[in-house]
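What follows is a pair of complexes built around chain A, which joins chain B in one and chain C in the other.
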Partner chain A sequence: MKQSVFEEVGLRLKIMKVNAAFSFRESIAYSANNWGGLASTVVYMITYLVFLGAIFGRVKTVAGYNYSEILLFTLVSQFNFYLAWIWSIKNIETLGESVKSGFFDLILTKPLPTLWYVTFLKINLTMLLIEMWPATLPLIYLLVKNAEFVISLPGLLWGSVIFICGHIAIHCMQFVFGLGAFWAGEYKAMNSLSYQIAFFGDSVPIEAYPKWFLTLGVSIFPFLLHTALTTSFILGKTTDLRWVLWSVLVMVVFLIIKKKMWEKALRAYSSASS
Partner chain B sequence: MRISVYKKCLLFGLAQVTNYRVDMLVSVVSKIVSLLGVVFLWSIIGKSTDNVGSTNSLLAYFLIANGVQGLVDGESLRFSKEINAKVKMEGLSGLLLRPVNPILYMYSSFWGTRGVAMTMQLLLIGLGLSFLERVEVFQIVLFGVSLVLAFIVAFVFNMFIGSMSFWTPEANHLQNVMSHILKVFSGVLIPVSFFSGLAKQVLLLSPFPILAYLPSTVLQKNVDNTEILTIFGASVFWCLVLLPVSIWFWKKGVRRYEAIGI
Partner chain C sequence: MEKIIKVVDLVKIYEIPVKQSFWKSIFWSKNKDLLAVDRINIEIEEGESVALLGPNGAGKTTTLKMLTGLLYPTSGEIEVLGFRPTERRREFLKQIALVMGNKNSLSWDLPARASFELFKDIYEIKQRDFESRLMELSELLEVVEFLDNPVRKLSLGQRLKMELIGAILHRPKLLFLDEPTIGLDVVSKRKIRGFLRHLNKIEKTTIILTSHEMADIETVSDRVMVINGGVKVFDDSLEKLLHNYQDKKYLTVTFEKPVKRVELEKLGKVLSKKELVATLEISKKNQGKVMAILTESYEVDDIDVRSVPLDEIVEDLFGRTK
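Presenting the complex of A and B:
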């Protein structure tokens, strides 16, 4: 009997809830891992702030962004980074590993919506609590101390919409790259490449890019949406609302591509294993 | 006979990694993308200040710095990961029982798996050199010397972090911590010359700049430059001090490992 839409949605929410709960228990069980992760992220943040401090000790602005604006840019980029690690990147890695090891057979036998299941296999909320906030505190402190900008409500609202769309679009792009494991048998380099592309624009404001590169970064490889365009909107440097519509469109297209490529990958996997 | 063991080990490692050719090629593209990001950022910074130098010298600097750091395994400290995996999961007991030097054995195997990546790093260095207007023979010699020192310092860092696995199974996080520190303070992300005052003086005397900043700068500046001489002196000092200490640290760890194993 075919499930109703409500049942389908309910099942998907239940999968997310169960996976989040399991991931939480798992991360609590390996507490030393959390401390190690915290040390790593805090050191990263501090070294990055040293890097910014050294640059802005010599220059006043980078692509029209002063120190405080770049700090806000870094904050947005950090949110995107942590969110990606909380629910996206780890799952793409796990998918690649399961395809390589053959464990994916077991996943396929489960009576679940497989794409949804592998997308949200791990939702590491511990990272949000233990790593993201403590590591971001030095950045937030500097941001508050040096804030020289005004954020308008519409800017924040539209920036948030672009952030969500960009985040989902870049996840889909990384996921599609990760599907390479179904054909190549290996996934690490593909994941590494998609990671490099996804975080390519993490230090450079959108205003700095030449037009052809900008076109590339908001369409085929949408790495400029989640941080660069978002920050530009929040700061009021970009106000054209067509960008918001464009971001929604890019997200929808990438969601469709993800689904289509997933179906292709499953067909390739069946033929490989039979 | 013993050398042939390590040679075979190296070749086996190379054969292992070349099995996945597509993966290998994609990893090369990935490295190029990552490097383009750094160069692009610095070309933007270069537009805001005159202190950075010309685009060509900027390209040369970052290509060579990144190439050297990748070549000597001085950024991601991948060898320390190998040690960690051997200690944590399996393999070290078997190695300790064999009539081989376990460090040399693991190091040879590791360099085998790094064969393709090393070729890529050499190409980066070559490309970087092509952006330089003029390089004197003496500078090339000094570059060679700095490369040897960089290999030793990177090995030492790998040994320290890897040997920590004998005390904590979470040494991989330490490797991440060290990797972040090396990225910023070795000069691969930002030239050490960009720091000022006491921070710069401390950095010049630390073992970090030898991993990227010195090999890249020695090809661009006069060799009688005080900064270069300071880093050279400090690097020799660190090599002489840290190499024996890192081997002692490894041996101390192995004794502890044996105690647990029995």
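Presenting the complex of A and C:
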């Protein structure tokens, strides 16, 4: 019996809702863990803001970005970072671990759209509520206090589209790296490599890169879309709308690659011995 | 009865790494083929309870995993409940369940009830049905008072009972069990065996079981399929398997005074001999004669006659079909 598109969409939304609620219950089972997570992110944020303050105490701009623009760049990179940890990275790790341990057997035998299920198995709302906002508040405060830029509505709109496309594309790239577990039985080194690539573009604005590196960062390894190109669009430094179309195209291509590689991975799955 | 599993010429070949030099193995591993399942044919009817038996590495778990759609066969055809398992159709997966004795599907940090509620949503079980089914199953398995304890605080037996409950909340037609009593104490094993029998006889759930515990097979299964070296070497009722070995009997004799081994060897094959106790293997037709000689010629305190135990039958079968 073929289900309608609406039923399929409804099922997927329900999976997200149920998994989010279940992950939330799991995450509050260890309260000390949440306090530890909050402390580490706040310490990181403060350290990074001190570092930025020290740099911009000596120079006026970095790659054409002044202090307040770099703060905005940092805010976008933080959104990308937290969003990736809220739904993407933890699930890629969980998938690798479940393939290695054989727990994946018990996921595969559930009547679910498996790719969707493993993509949204853990949705860490605790990180969103307890870690992300408190840790980002000092940054937002400094940004509001030092804002010296004007954001146009189209810039914000197109920047948001690029952010979403870039975020999904980089998730797909990391996911494909993580699928190595189906062939090799191990995943940690590949996940670590994909993590380094994914956040490579989070430290320097897009304008700082040479052309060949820029080409690489918006295509095969799309690490420059989610933060660098997004911020450039929001600030009006890049306005060519072909970049928006390109970002959508990259996202679609990576979604297709993810789906195809998933099918291949399932065929290669050998299931850990019991 | 309707056939719910049809398997034709099933073959599974794994690629396993070959031992290589240090540098080669670091950068590029080389594989070789391992034939795990070799042209197996299976037909199982609705309501049957079938045990897959075999030594470690015989191919029984691989077969079970192909039947559930976890593994793609290298060649051959599989039809389960009218579906091709690897297509993983939702209508198919809603009718099956898999329990693996050494793998947990329940969240470690939350009470089992929380995982059951997740399964309720996954299998779209109505709240009222869910509540009554959960109560029924947890009462049968005597774990009602542990439903709200975190899974990590449960004993192995309680955890496995919870795994079973989670697997059958949605009343699957077909239940696959991979070593469901592994590591359990005798009381928990007996409880779970009884429960599985109940599922098969009362709820008419078809059961496919792999286990190294002969008592699991004797209690739960009616039909035995022996797989050795990837090949099916026996497929019939448990009675038939036992019947094939019925011409042999084991006599354990307790004497009041020590008896020489050479004297006992005249009566049958001496399997063990201690000072006052000896076990003899004799043919069934000689049973009366041997017992008469023993009681007339020696001072006998006790004689225990038993058939060949299932584990020895299986061991013999494994050895003969290697």
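Throughout what follows, the second predicted complex is superposed on the first by the 269 of 274 C-alpha atoms of A that agree within 3 Å, B and C clash if a C-alpha of one lies under 4 Å from a C-alpha of the other, contacts with A are read in each partner's own complex, and residues count from 1 in each chain.
Everything below uses one rule, namely that a residue touches a chain if its C-beta (ideal position, glycine included) is under 8 Å from a C-beta of that chain, and two chains touch if they have at least 3 such contacts.
Nothing here was measured: the structure is a model prediction, and the numbers come from that model.
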{"item": "Touching partner for A:Ile220 - first (chain B), second (chain C), both, neither", "value": "neither"}
{"item": "When both partners are placed on the shared chain, which of chain B and chain C touches more of chain A", "value": "B"}
{"item": "First, second, both or neither for A:Phe51, with chain B first and chain C second", "value": "first"}
{"item": "Partner chain(s) touched by A:Asn33 [first = chain B, second = chain C, both, neither]", "value": "first"}
{"item": "Chain B versus chain C as contact partner of A:Gly102, first or second or both or neither", "value": "second"}
{"item": "Partner chain(s) touched by A:Ala147 [first = chain B, second = chain C, both, neither]", "value": "neither"}
{"item": "First (chain B), second (chain C), both or neither touched by A:Lys110", "value": "second"}
{"item": "Chain B versus chain C as contact partner of A:Arg25, first or second or both or neither", "value": "second"}
{"item": "First, second, both or neither for A:Leu249, with chain B first and chain C second", "value": "neither"}
{"item": "Interface residues of chain A shared between complexes with chain B and chain C", "value": "none"}
{"item": "Of chain C, residues touching chain A in the complex", "value": "14, 61, 65, 68-72, 88, 90-94, 96-98, 100-105, 107, 109-110, 114, 118, 121-123, 150, 178-179"}
{"item": "In the complex with chain A, residue positions of chain B that touch it", "value": "20, 22-27, 29-30, 33-34, 36-37, 40-41, 44-45, 48-49, 51, 168-170, 172-174, 176-177, 180-181, 183-185, 189-190, 194-196, 199"}
{"item": "Complex contacts: residues of chain A adjacent to chain C", "value": "1, 3, 14, 18, 22, 25-26, 29-30, 101-103, 105-106, 108-112, 114, 266-267, 269-271, 273-274"}
{"item": "Chain B-facing residues of chain A, complex", "value": "32-33, 35-37, 39-40, 43-44, 47-48, 50-51, 54-55, 57-63, 180, 184-190, 192-193, 195-197, 200, 202-204, 208"}
